[in-house]
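One chain, subunit A, appears in both complexes that follow, with subunit B as partner in the first and subunit C in the second.
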Partner chain A sequence: MATQHSRSAARLMMAPAVVLLLGWMLIPLTMTLYFSFKKYLPMRGGDLGWVGFDNYVRFVTSSAFWPSVMTTLIIVGGVLAITVILGILLAILLNQPMWGQGFVRILVIAPFFVMPTVSALVWKNMFMDPNYGLFAHLWEFFGAEPVQWMSQASLTSIIIIVSWQWLPFATLILLTAIQSLDREQLDAAEMDGAPATKRFAYITLPHLGRAITVVILIQTIFLLSIFAEIFVTTGGAFGTKTLTYLIFQRVLESQNIGLGSAGGVYAIILANIVAIFLMRIVGKNLDA
Partner chain B sequence: MGQIKLNQVSKSFGDVQVIPPLDLTIEDGEFTVFVGPSGCGKSTLLRLIAGLEDITDGHIEIDGTDATNVPPAKRGLAMVFQSYALYPHMSVRKNIAFPMKMAGLPADEQNRRIEAAAKALNLTDYLDRRPGQLSGGQRQRVAIGRAIVREPSAFLFDEPLSNLDAALRVGMRLEISELHKRLATTMIYVTHDQVEAMTMADKIVVLRAGFIEQVGSPLELYHRPCNEFVAGFIGSPKMNLIKGAEADKRGAPTIGIRPEHIDVSTSAGDWQGKVGVAEHLGSDTFLHVHGVDGCDPMTVRVDGELPVKHGDTIFLTPQAEKLHRFDAQGLRIE
Partner chain C sequence: MARAVTQQRKIANTALAWGIGFLIFFPILWTILTSFKTEAQAIADPPIFLGFDWTLANYEAVLERSNYGRFLWNSIVIAGGSTILGILIAVPAAWSMAFVPGKRTKDILLWMLSTKMLPAVGVLYPIYLLCIQFGVLDSKIALVIILMLINLPIIVWMLYTYFREIPGEILEAARMDGASLREEVLYVLTPMAIPGIASTLLLNFILAWNEAFWTLNLTAAKAAPLTAFIASYSSPEGLFYAKLSAASTMAIAPILILGWFSQKQLVSGLTFGAVK
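Moving on, here comes the complex of A and B:
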């Protein structure tokens, strides 16, 4: 009796949260699907009726579609590669006993607390500006021509900015993982004749496998939808238009809700394809 | 070959000297046990020999050549760790193969040695499992297997049995002893358990606070402990140490008598006392006797059949020839 009661009580208590979460997800999803089959132009006549799959066909056949998918994948892949590799190196570095360790660790986490818009603006104006930026001064100091970061190396710039923001996250997760590595395993490997590089490859790296998986999965979810960094730096110009940004342009700049919604559905599909691939490749690390 | 010589070896962590300069020679083929209470520096000493810690001062010689600055892998020593330190993502086979892979041995030689080690250690059926799927005793055997295949000149064991349950510990103790007889390789074994030390060792090194208190065979240490510390540490149950009038009467500031060297009588004897807790082991009974001047409670080992119970008054007489005498500094008086 008691368990029966507490079980139904538990359901009742959980209900608001479940309803809220379902609503949060289902209503926007349904509306997106609904609008994607309509010709809906708010400034030019509003709801102009059902059009079937017209929006889907138009979105894919537009010349901007495939480049935007490629750009998205390049940014996600680039940021993942940089944050995971540098994250592992930084984690190893921060794991060494040193003076002021606690303070340094807090400093390393700091970029994660800076809002994306702010950090992108800081990078754009303070570092990458071809006239006043620190990088420009650095290049000039060595007698080189300053790089026009935002136009000549636009995609690289965005990858650098986003990597800077996500490196602390990767470092933090990997650092906690590295701290849980049994010291005696490294000692044993040293006795067994493994030099430092092999100890890293055979002991440390496999130990970090699960943490790396977590970093990759979580970062991918967030990186597929980066927007602010592009909006405040290049505004989607110079080949930095991601799928997310393309949808934004269709909806707000072209004022075509239907077309944008169809793009949104494609974004969901892309995210799922990426997710399936990732789970296939790295997801098995999460077992056992 | 596997002679290890420590010459004035010392170790400090910062300002704290954990191992004061010490000399020690471990002969080829000898089973040497470092024993002492926790924190006495025995594991540190082992890690110094292994090369996992740098020595602050002094020299280590292995087989007559100076090994002080030789990296651990090149010293020809294999170590078994307290936590076993198996590589969790590798199968048992790969764990055992790891040192040979690092040494670049040909694959067929690796396989031959793995099969031989697995057969000797009853691991043949488990070669393809991961360490996580094995029991404590099996993991211990894998760790030993990983050490054997290197064919080292000496084995180092760092409290290898302390994570096992009591029954398994007795079994593994025998296995390691048998392994030593079979391989006849030098072994250095660190433990805090004096029973392990007594049962396995050819030579016991008793350590306290980094100092070597006494070196000798198990029976030497049992019969002629050179000071009060060794007397109290070796032997189970512990030796009774008696101070005061009873000791003065026998010509020393402190006298020691082992529980098994006391005669018990219900009518007459040197000391009178009241039986407290009686621990019945079947074959023997350990009596904790209260009221003896200078040592309370006094532990006495009596025959398991002796009909005594809590609260009984009994008389104790130490066997005079088995009495140990210690001076004011705690050193043995002959």
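Moving on, here comes the complex of A and C:
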């Protein structure tokens, strides 16, 4: 139906966004690839020539690499497990008849709007500080020795902080999905005598399948690159150095650009593996 | 009988949900409460919940730090500028994709989404270097452009989802009634598109306000927004809890309020329409 004229007008209207994003993607990416094949130390001699795949090999064989991969996986896995499981339970609870549902919803989603540096510092100082934090008072109240959260339980601390930030997101999306569930189907199952656990396992959970997948994929993409929460709490110490943080240190702190860029390429590949799955789901939805 | 059970269940649900909601909100509440305490009361043992001498001294102290206003202004300019610039670029694109979809529209949309997946740290040095080359390291303009680019895919997607829901028949009807293109855009399309544009604006302002990778890595004294200002309180060790709380409360309060207004759009906006 659209005429040739409106087609070319449409192309023109799309051009700025497409060109900008293309530039944003290609220029830095090409530069990262370029640097990743060089020995490049801006503070110590500058460009020291091509080194082939040296940086790629050195990045993976450095003693910091595997621990950083493990740390990344533990944080991403821990946060996903907590937010998805608690998110499902909370979504089910919030979907029940109650008074003041809108108000509770407002309370529950609030952490999502708190800037990462604020939530990390508030948790680190006012809750997890071994002398003045609320947790220390709570532990003492029960006669326990206060935990040195940031040094002894550093990964757990980060997982708690990040989970608190992302639980609202998971809950809100799962709640939206649950609200589209056919109530009559559940009522019918209840009348037929299906217990609550069975109704959950055979009706609610399958209905939530897609929303859970979307939550997992989107959160994974954001969680793979969490930065501020580590930057202002442990600064990468006490075993909290994620892949993102390791690359950041190689690039900006030790100014080893070649090595950092090779790490960056690994991070990009990792993120793209997750992204492919997300795009499939979103793409399917576009056809509908 | 059955009614009584439901009533009981409703009471139980309400109590449980309010309890959990309060627990989740507690860190924010505690920050707000602490911001009104004196530094000594803020670290009192046992902790004081409400029975303290309410004071505004911390807010005065934070505001008096000569540079607080500049951090706030930087946040407003960076978040506001990148959002408005993004909307200006995204509206025509989303518009044409929604109303004149071609064979490649879907591919372009998915490709735009894929640029959002690029991990920032993978391109940290190139961007850092480009900023130095163009002399815009630690400048607001650099962050306006970068945050605009990282949020552009979300902006295009959100607008596209909204525009697609505007029925094309209405445009035809207006044309039949003799409306010129200008009138069509001004009196028919714009009023229908404004709610969608407004909620896109809101959500992206929030995302840009809270962005804490580029703002921490590309700014120093001049262009640092509130994310960096708060980060400078990194190690107070019990010394500045009340002031940290006051600064935090001021940094999050406006966004919290905007966020509550945007909660309905949040879901479809952040899942790229995959969950509605």
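Rule of thumb we're sticking to: the second predicted complex is superposed on the first by the 269 of 288 C-alpha atoms of A that agree within 3 Å, B and C clash if a C-alpha of one lies under 4 Å from a C-alpha of the other, contacts with A are read in each partner's own complex, and residues count from 1 in each chain.
Assume a contact is a pair of C-beta atoms (placed from the backbone, for glycine too) under 8 Å apart; a residue touches a chain by one contact, two chains touch by 3 or more.
A quick note: this is a predicted structure, and the numbers were derived from the prediction, not measured.
In the overlay built on the shared chain, the residue A:257 is in contact with subunit C alone; subunit B does not reach it. In the superposition on chain A, A:143 makes contact with neither subunit B nor subunit C.
Using the contact criterion defined above for the overlaid structures, shared-chain residue A:132 touches subunit C, although it does not reach subunit B.
Once the two complexes are overlaid on the shared chain, A:27 sits against subunit C while remaining clear of subunit B.
In the superposition on chain A, contact of A:112 is made with subunit C only, not with subunit B. Look at A:49: by the touch rule set out above, it reaches neither subunit B nor subunit C.
Touch criterion met: A:184 reaches subunit B, while subunit C stays clear of it. Within the superposed three-chain model, A:193 lies in touch with subunit B and out of touch with subunit C [touch as defined at top].
Note on subunit A: of its two partners subunit C and subunit B, the one contacting more of its residues is C. Touching of subunit A by both subunit B and subunit C, each in its own complex, is seen for no residue at all. The touching residues of subunit C, counted against subunit A in their complex, run 6, 9-10, 13-14, 16-18, 20-22, 24-25, 27-28, 30-31, 34, 43, 45-47, 89-90, 92-93, 95-97, 99-100, 102, 106, 108-110, 112-130, 149, 152-153, 156, 206, 209-210, 212-213, 216-217, 226-228, 230-231, 233-234, 236-238, 241, 244-245, 248, 251-252, 255-256, 258-260, 263, 266-267, 270-276. By the touch criterion stated above, subunit A contacts subunit B in their complex at residues 182, 184-185, 187-194, 198, 202-203, 206-207, 209, 288. Within the complex formed with subunit C, the subunit A residues making contact are 2, 6-7, 9-11, 13-14, 16-18, 20-21, 24-25, 27-29, 31-32, 35, 90, 93-94, 96-101, 103-119, 121-123, 125-127, 129, 131-132, 134, 137, 141, 164, 167-169, 172-173, 176-177, 210-211, 214, 218, 221, 224-225, 227-228, 231-232, 244, 247-248, 251-252, 257, 260-261, 264-265, 267-268, 270-272, 274-275, 278-279, 281-283, 285-287.
For subunit B in complex with subunit A, the residues that touch the partner chain are 50, 52, 72-74, 77-79, 81-83, 85-89, 98-99, 102-103, 132, 146, 150.
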